[in-house]
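Below you'll find the structure I mean.
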Amino acid sequence: MKVAISPAEAAALIPDGATLLIGGFMAVGSPHRLIDALVAAERKDLTIIANDTAMPGRGIGKLITARAVRRVVASHIGLNPETQAQMIAGELEVELVPQGTLIERIRAGGVGLGGVLTATGLGTPVADGKRQIEVDGKTYLLETPLRGDFALVGCHQADYVGNLEYSLTAHNFNPIIALAADVVIAEPRSIVPVGVIPPDAVKTPGILVDHLLERAPS
Amino acid sequence: MKVAISPAEAAALIPDGATLLIGGFMAVGSPHRLIDALVAAERKDLTIIANDTAMPGRGIGKLITARAVRRVVASHIGLNPETQAQMIAGELEVELVPQGTLIERIRAGGVGLGGVLTATGLGTPVADGKRQIEVDGKTYLLETPLRGDFALVGCHQADYVGNLEYSLTAHNFNPIIALAADVVIAEPRSIVPVGVIPPDAVKTPGILVDHLLERAPS
Amino acid sequence: MNDKERIARRVALEVERDTLVNLGIGLPSLVANYLPDDVHVFFQAENGVIGLGARPPEGMEDPDLTDAGGGFVTAVPGAASIDSAMSFGLIRGGHLDMTVLGGLQVDSHGHLANWMVPGKMVPGMGGAMDLVAGARKVVVAMVHTAKGAPKIVPDCTLPLTALRRVDLIVTEMAVIEPTEDGLVLREVAEGLSVDDVRAATGAELLVPVAPGQMRLA
Amino acid sequence: MNDKERIARRVALEVERDTLVNLGIGLPSLVANYLPDDVHVFFQAENGVIGLGARPPEGMEDPDLTDAGGGFVTAVPGAASIDSAMSFGLIRGGHLDMTVLGGLQVDSHGHLANWMVPGKMVPGMGGAMDLVAGARKVVVAMVHTAKGAPKIVPDCTLPLTALRRVDLIVTEMAVIEPTEDGLVLREVAEGLSVDDVRAATGAELLVPVAPGQMRLA
């Protein structure tokens, strides 16, 4: 059984300078109340590993606007001009990673792989400085694991032991980042008794989840 | 929309000497009617990639007893004395692979990775002849992808477009092998109209499935 | 018919029935509008649904169901939800039959550059590198020139998206197939000559047989 | 109390509440019978369920719900179905808090050999190599000797399961902790002396402080 915590309590667990994996794709499926709490707590120098930085005023974009972030590892920042502006001004470090490589690197970090070999990025700036390894006559890039201190997971529903369900395109990075952090905090829309989510519907087993965010005030 | 085929029609698609990925764990979740059809068709010289060879008279064990198999890649053969006897007699080639490495190699074959790095098997006979690669001061084995000509998938339920659901411990290798073969044949217990399986419950998208086995006679 | 519609209509003819197709944001997304009724395909959005549908009725939008650009969509019957590891597993594992992408440049080797202009536009590659490296068929849908300058060039001057040779280039002027020998001119838009296309193209065009008129249906 | 019960009872004391625990087939599986009521854990079977439960009532067995040995089990409330990639992702990714495995040999370096006897028994390693390489805590539960011969030896003569030093060895005679310095004798079973244990052990045992009596509850 988990103990539900408030967004402020969750934010208090996360120190300045922490590395956060955050779920969501253009803010869809992101843990919005956790993000708001981090902004309210005036966190600084965070490293964010996520698909994108959304847009100003939405999802991870709020952390960018609040200048809470020192470094971003993402596949796309094109719809957030603030990310681009801070990057060009040298205030924000950005590592761009192909989306498929990014999710595989996070998965590798979560399932204990030392790395994966991929053809994506060969012949592009993504290959710069990376080891190339040949297997059966084909060349691949060696991509190394990514992990976070915390994973902030947005989800549709949780039960009391932390089993999680996701909905439609709000799955995205969430089930994978839940594998790859020292502390996993899940923000469900609703929390239901054990047994309401049948075993076959569980996408993230509760044993991966350290904290559940309490239900939103209605 | 798929066209349902009979077990005999499915077996006719599979030539002698083919490499088959077969789902199941000690025969739980295996495509039993497909296996029976391969035995009835007297297939020979198959390569089987699977977790185990079950036991005599059950699941993949039937193919072993029928001497349909020339080569097995599996993590465990200990509960099938016939596999061991054929191996010792030199009639059956067996490659033993740690279970976690086996499933990651199949996944790599299915998702287009050139290989994965794992610590499992280091310092054991599994490491013999394999490349070792160091990442951040740690040593890993390079494990290469596995694919099959056919994947024979056992599942709980399918819909008309081939979306698949699995049940409890009958998931095992099935959802992963469905990614890693040129032709995927699924054997569902029941086949339901499109829409009966909601999008969030689909574990194998129908676009991966080439053929559905017709429903069993009742 | 404007240029974009012309391009989208032509690309739609490349879509085969019962396949899995990924359409990029912008021009490529228009292709869905011009599929013949008897060609059933599943559209994939890389953010995670197989069976992307049209915009939902007003008031029925679901914040958990969007395309890769964040716009509201529906899911068709038989749709499947997938996470990003599965989404890119499908893309990189050869399970995606076709992708249609925009382009900044394509060169005589069939190499595509479509994700950054150094010093100007650094949006990130998103899924583009994975799509070009992994899809079975890559179609580039783009206008033929940018402010009068050819986008089809001898060698890309912008950073590449992948080393893979794309399969087809469709513009409002022509249909061009990159091959081992170079760029082959396959079709020319109605009212244009081969020389018109050559004049607007920076790379050499091979014309082994008389190109047909660009088909639109 | 027979030897196996003694070992299982002692191992049960190592299980911490609210953890994920994998029990091997055979002797290790007995550990589940001796957990205190207030210690709630989820048992994982590597074939794919988190929250493995006891044998189901007669006539209610589900062919789709078995343990790793193929025996019928139940699923506890809050259970989750997982495929083999997730199952071993949890094991190799450090998410499994503890595994209890049988052993053929353990040596002075804490190395375990438990999956084959060359020329005699070649069952395959199943998940054993992954479990030893990946679990946070590895407990070996085995009888102290095999036909009078020590199973705790200076160096394993059988092929290793992994290079990782196991965390604890529990036999019917003793509790032994492999450390950087060697094997430390922590507890001795009631009625036995340190010398009794030494006589049945092939490797050197360090006894830095007087070992306690082997706990059973």
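General observations
Think of it as A, B, C and D in the order they're written, each chain with its own count starting at 1.
Just so it is clear, a residue touches a chain if its C-beta (ideal position, glycine included) is under 8 Å from a C-beta of that chain, and two chains touch if they have at least 3 such contacts.
Because the structure is predicted, anything quoted here is derived from the model rather than measured.
Using mean Cα coordinates as chain centres, the one most removed from chain D is C. Looking at B-C and B-D side by side, the one with more C-beta contacts is B-D.
In whole angstrom, the spacing between the mean C-alpha positions of chain B and chain C is 35. Centroids of chain A and chain C (each the mean of its C-alpha atoms) stand 29 Å apart.
Centroids of chain A and chain B (each the mean of its C-alpha atoms) stand 32 Å apart. Among the residues of chain C, those in touch with two or more other chains are 49, 75, 81-82, 85, 88, 92, 134. Contact with two or more other chains is made by residues 104, 107, 111-113, 118-119, 166-168, 199-200 of chain A.
An unclassified topology is adopted by the chain contact network, corresponding to no line, ring, star or complete arrangement. Contact between chains, as defined at the top, is found for A-B, A-C, A-D, B-C, B-D. Touching chain A in their complex are the following residues of chain C: 45-49, 62-70, 75, 81-85, 88, 91-92, 111, 121-130, 133-134, 159-163. Within the complex formed with chain D, the chain A residues making contact are 107, 110-113, 159-161, 163, 179-180, 194-195, 199-200, 202, 205-208.
Every residue of chain D that touches chain A in the complex is listed here, in rising order: 20, 42, 49-51, 75, 77-82, 85-86, 88-90, 92-95, 134. Those residues of chain A whose C-beta lies close enough to touch chain B in the complex are 104, 108, 111-119, 133, 135-136, 138, 140, 142, 144, 165-168, 199-201. Listing the residues of chain A that touch chain C in their complex gives 25-29, 51-52, 55, 74-79, 84, 87, 94, 96, 98-101, 103-104, 107, 118-126, 156, 166-176, 203.
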